[in-house]
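Naming follows writing order (A, B, C and D), and every chain is counted from residue 1.
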Amino acid sequence: MVAEKVILAYSGGLDTSCILKWLLEQQYEVICVLADVGQAEDMQMAREKALKIGASEIVVADVRQSFAEQYIWPAIQMGLIYEERYLLGTSLARPCISVALVEAARKYGAKYLAHGATGKGNDQVRFELCAYALMPELKIIAPWRDVNFCERFQGRQDLIAYAQAAGIEVTAKPATPWSTDANMLHISYESGVLEDPNVVAPSSLYELTLDPLTRAPRSSKRVCIYFEHGLPTGVEDLASSHVYSTPVEMLKYLNDLGGTYGIGRIDIVENRFVGLKSRGVYETPGGTIFYAAHQDLELFTLDREVLRTKQLLRDRMSDYVYNGFWFSPEASYVRQCIQLSQQHVTGQVTMELAAGYCRAIARQATGSSLYNKQLVSMDEHGGYVPQDAAGFIAINAVRIREHARAFGAYDKH
Amino acid sequence: MVAEKVILAYSGGLDTSCILKWLLEQQYEVICVLADVGQAEDMQMAREKALKIGASEIVVADVRQSFAEQYIWPAIQMGLIYEERYLLGTSLARPCISVALVEAARKYGAKYLAHGATGKGNDQVRFELCAYALMPELKIIAPWRDVNFCERFQGRQDLIAYAQAAGIEVTAKPATPWSTDANMLHISYESGVLEDPNVVAPSSLYELTLDPLTRAPRSSKRVCIYFEHGLPTGVEDLASSHVYSTPVEMLKYLNDLGGTYGIGRIDIVENRFVGLKSRGVYETPGGTIFYAAHQDLELFTLDREVLRTKQLLRDRMSDYVYNGFWFSPEASYVRQCIQLSQQHVTGQVTMELAAGYCRAIARQATGSSLYNKQLVSMDEHGGYVPQDAAGFIAINAVRIREHARAFGAYDKH
Amino acid sequence: MVAEKVILAYSGGLDTSCILKWLLEQQYEVICVLADVGQAEDMQMAREKALKIGASEIVVADVRQSFAEQYIWPAIQMGLIYEERYLLGTSLARPCISVALVEAARKYGAKYLAHGATGKGNDQVRFELCAYALMPELKIIAPWRDVNFCERFQGRQDLIAYAQAAGIEVTAKPATPWSTDANMLHISYESGVLEDPNVVAPSSLYELTLDPLTRAPRSSKRVCIYFEHGLPTGVEDLASSHVYSTPVEMLKYLNDLGGTYGIGRIDIVENRFVGLKSRGVYETPGGTIFYAAHQDLELFTLDREVLRTKQLLRDRMSDYVYNGFWFSPEASYVRQCIQLSQQHVTGQVTMELAAGYCRAIARQATGSSLYNKQLVSMDEHGGYVPQDAAGFIAINAVRIREHARAFGAYDKH
Amino acid sequence: MVAEKVILAYSGGLDTSCILKWLLEQQYEVICVLADVGQAEDMQMAREKALKIGASEIVVADVRQSFAEQYIWPAIQMGLIYEERYLLGTSLARPCISVALVEAARKYGAKYLAHGATGKGNDQVRFELCAYALMPELKIIAPWRDVNFCERFQGRQDLIAYAQAAGIEVTAKPATPWSTDANMLHISYESGVLEDPNVVAPSSLYELTLDPLTRAPRSSKRVCIYFEHGLPTGVEDLASSHVYSTPVEMLKYLNDLGGTYGIGRIDIVENRFVGLKSRGVYETPGGTIFYAAHQDLELFTLDREVLRTKQLLRDRMSDYVYNGFWFSPEASYVRQCIQLSQQHVTGQVTMELAAGYCRAIARQATGSSLYNKQLVSMDEHGGYVPQDAAGFIAINAVRIREHARAFGAYDKH
């Protein structure tokens, strides 16, 4: 009998290495796929490890450019942010990785997809919904939802023992008392000591950003970010006039710079799609700078009422992406709508970076602008007739006066 | 003939002093009302000045406690923020001041209300809508919308000349090349050199906050903010364990502390209700800290779906308040709805303050909490059955698979 | 060993009779609960049948008054409607029935709840979410999701054979080629011949309403419906001046009258919560009349902007109720918010009923009203200054003109 | 001195004839524009009348096709409806007429635009906002907001006296005690005896529709309406198989048919943009049938979550159109978004027309459909695994159970 082929989303770490071994024990042929989304992982070592354990193949898919251009860039353009603070670093990587997984499934003719995401988290949802959207016939194996697997591996110690028995190399690096997910956009930290939301995260946790209090520079730095239709097209170091102009370069530059300044740390309790509240600490240095710059330019360039509608759509899209619905009818639709709104979001924003924060301090539209210096000036009319405001207010007051007439004038509160 | 009585919203400055004189010239009897909302103004000098010019009466209304308790506190509870960045410092003061103006109108039997707000701004709308709501029969005199007044006073120089001719003292303090509005919650800066949104605001502009780069402390500071039903009930200096517990004290403490740390500066282009885009720089040190703390606790304590609805209502309420509809059927209604949502927003948040920024780093609910450490833990089930997630995902995928069946599987983008 | 107790949501029909028998075979002790929500069922016969099959107890819970007062009345007050057409007749009954089921579970100390809802439908979700909310420790038995049960009973014939073998009386009434759900508010029809959405529903299907074309009266009829705070408080037959004044009476009267006139039939394809599209035909005679009357009075009595927010909340609430979240944090919250909006929805609406439709033709508020005949009259000013409208329009045009200035005047489309 | 040219939106009636005369008295040169939007007006007689009064030119612009194709058709596609009942017949005509007015202004080099809309209504806003958007430099003359004009003409009698004195023919037709606005889409009735919202509109009022009780046919009629991307592309008389296929033909056919059946009458109190509540009676026979058919097909063909977002946008667009913002940044934007949603709204709906109402009774998508008979069938699985629903429900219950854990199980209400 020919073994069924499984694509395993492989990371090189302890969990997916044990899962690889366990899948082999279940008589599957396993093709590992390791998607490089910019995490600092030794891909060569991971490759060798997988083959040594028994993978029939390991595909290292460098999707960094695709991740930047087709996931992070649209997210910046759309202004995505979950629950007003989380910039969706992990959520955006999942569909990108899923594309690589599904491509491998098609190439190798695999019917199964296995992943190491836990049964309480969002990532299982994201991987599986993406897989169903891209290749509906795919079957999922989620060991951390498998009763037998869960009984066998009740904690990290069980995994280590299993690995050692199977000759799987267990990394010398001592495990941190939290779990992390890293990519080009961010690193997230959760679980372990972070599970008590009233305990301050240890300062040793942060990997992408320097401590703004003790290690960041004392002086500030200015960069100019250029946008076309809401998409970043250039980042200029205003000191050197050097301009970074590909998404990967821009992101790397602002990640490095933002990291040096300790920008983009957040510590939140968020709502998972599966109904739990979970504490997460995130570092998103470059993403934070891009988000703030885009927000500033958008408010500067969009008509007020267009902006109101766009923000409603943005809130919906942020939920879709967090919940795993990147590939869905609603996300496709809303994404197109939001992109339509960005037609005039073209211009540049000067950002000031300092230890622990950044902010927009100047901005300019390319070409025509809805900002009208003459119109707003206290010293000229610019076509605005102040007397009109009296009628504007009086008519806006009609409902208020009618309410007062019918139900009494407002009291103080 | 008995002169008609006018209530003049008086500030003590050049504009309203000239308006006072001008109203007297129009044969009105003028009662000046100077509302103390915490601006750093010499009330005694303003009083004398008004009487000297010819006001029949000047009322200095100390509304600071009311401003804190009945406007700022609800705004914190509701999480109000305009266009995602402006904490509504001026917008909230206007209804509070309007109450004082209307109280004087009632007390003195005045039929008219005069103010010095310009014809292009939001404040004229706010003052007048509030006045109509509180005392619908009041008539408005807005000199900056009066054609004769505007022709006579075409610039600051005309006002100065008029004042000097009338023996009105013109302040020795040289005018800044921008205009400001100050109160307990914030100082705003606009106009003048700020009218070019691509020119960086001068560092000399900021009055409430020290320069985070050059003058703020190097070390961070932690405070704990306590909330009941979304309202701040205490601020604890964690170093000294001293707790501030009245709104006025809490606000003063966090304003001073936030000011020292240079927290709460923003520089934005915003959409005015009258249809213009306008550039504003704001300093809101204490308000920024309260906002961030409340946001953190709210996300921690509210059910996800309740939060989604509350935020929609919050966005509407922020627009109502910015636009001047504090006293309106819709604001009364939405405010009640938002307050209902805050029933369980009770607990404490630890805030870290550092030069230029603050952030929540720990939080705790008082009493029962929707955060469930057992439930979210990777090491225990806590009543959650991971296997259920498979069905959850499969059913969520039904629509996605149906879409793929009908219109083809999703391609990558 | 003592048998575990199960509460079975029993209908007296073939499905739940077979489920009862099957549960007994699985060694459960079964307490049947038959909730009377106004369906035309012979309760006594059902009682005897259940006992004969082997139920240890059968509880006939007459929840008609509770259904009317605590579910239908709030739904009318909130204006609930799903996907703009479905008045939620079944969705509202489920939480009401669930309360009866849970009360029985508590009374008899049962740990299990069984129901006959299918695995593709909404009702399983509604029953189970309500049960979890009311008695979180309850365990669910859903035979139509049980693999063994489903294999054994693959169609109606298997159920009939099983029933006959077990001596369960199979109703003489031939089965309709569709399934129905009936209660005080509506009858729904789905499945069978209705599964082809392009086939017109047979005219023999309708049970609650007469054919408006062939059997309804030729003349129209007027009734007046009275509301307080959005809740119906009386229905007056304008011909006889008789007033019906309890919810149960009012509903019965308008169901009978609306049924005679053939009012309230809809034929739709709706979106189920589990992701399917499903075709349903519904008859809701009284509910349709109440809905239209309330809608009319609400628009008449509510401030425009309050209405806008209320309708947003109404749309959310309609989804919550359809999806089974009657007892949930979000439904509790939004329901309170909507009720707040109804403070002034007090008055009366004259409805014209005719064959196949009804419509509001006159309305009046009790006490003060936001409708102001003087204000709207073309013949008087009523305090409105027409000249103000010029300024109102001019200021509203600012954004439009600015857009034209920046990006060109609008072309025709 | 050369007289300034004014474009007058001329109707041929008493008001605009007097305005024409009055403008001539003010020394303007007046070019009358009479837009034919399908109102039953004698265009030739109106032409002669205008010239006789003294218009230097009269342009009769036949915009019926443009009205149908570029205003009514998009409105059907978008599902526009104001306050859930009004199909926007007048609101849609105003931008169409404004285009004709502005074209004349450009052709004749006129700087002024005059209209006969009142100062309390919506139409002044619609005409003027459209004019500003299309030709920002145009100046508006609104006699009904002119103090002198209003003083001179305080009622209909003053107009008649003025007309008679000026030799303007006053129509023999006795004035109705209400005002009307008619076009291809609807007739509206307001003012006069309708100002008391509790007085039933007289049955003699209706012009477009026969009395459904006394004059409509007893038998029903079926038509099939075809849509592509949400736009009607054909209406088939199912009895004769005749298909109408241009917008003008389709609209005429359904207006005639719907009129015969007395379909599309509503009687509402609506909220005007200027803050008043106003009572209106409307007849929209064809539009009502199109609306219901489109609504049915849209729900049938759209993904649930896409529909949810589309309806939010629809509600906003309906307000924009009612308020006069057809040509505005927000309407342009939202219209594009809604059109994107209609990609798959292609198919046909069978409508049953009967005296007083119509309803969808069958529907079919062209090509692929999200409706899946196999999936929803009670007799087959169609790829749906009923067991998955258990997990779906359990995970959806997590938040509900957590709320019960923290704050107690739900009580009954």
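One rule holds in what follows: a contact is a pair of C-beta atoms (placed from the backbone, for glycine too) under 8 Å apart; a residue touches a chain by one contact, two chains touch by 3 or more.
In this text, all values refer to a predicted model and were calculated from it rather than measured experimentally.
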| item | value |
| --- | --- |
| Remotest chain, subunit D as reference, centres from CA atoms | A |
| Interface numbering overlap (same over half, different under half) for subunit B and subunit D | same |
| Comparison of C-D and B-C (more C-beta pairs in contact) | C-D |
| Distance from subunit D to subunit C - Cα centre to Cα centre, in angstrom | 31 |
| Averaged-CA centre spacing for the pair subunit D and subunit B, given as whole angstrom | 41 |
| Centroid distance [mean C-alpha coordinates] between subunit C and subunit B, Å | 44 |
| Where subunit A touches two or more other chains, by residue | 274-276, 303-305, 308, 328-329, 370, 372, 375, 384, 387, 389-390, 392, 395-399, 401-403, 405 |
| Subunit A - residues contacting subunit C, complex | 303-305, 344, 368-370, 372, 375, 383-385, 387-392, 394-396, 398-399, 401-403, 405-407 |
| Complex interface listing, subunit C residues touching subunit D | 66, 70, 83-85, 99, 118-120, 124-125, 128-129, 132-136, 140, 142, 144-145, 147, 150, 155, 179, 191-192, 195-201, 212-213, 218-220, 265-271, 274-279, 295-296, 299-300, 304, 307-308, 311, 315, 319, 325, 327-329, 332, 350, 354-357, 359-364, 370-373, 375-379, 384, 386-387, 389-390, 392-393, 396-397, 399-401, 403-405, 409-410, 412-413 |
| Subunit D contact footprint on subunit A (complex, rising order) | 274-276, 303, 305-306, 308-309, 312-313, 316, 328-330, 333-334, 336-337, 340-341, 395-399, 402 |
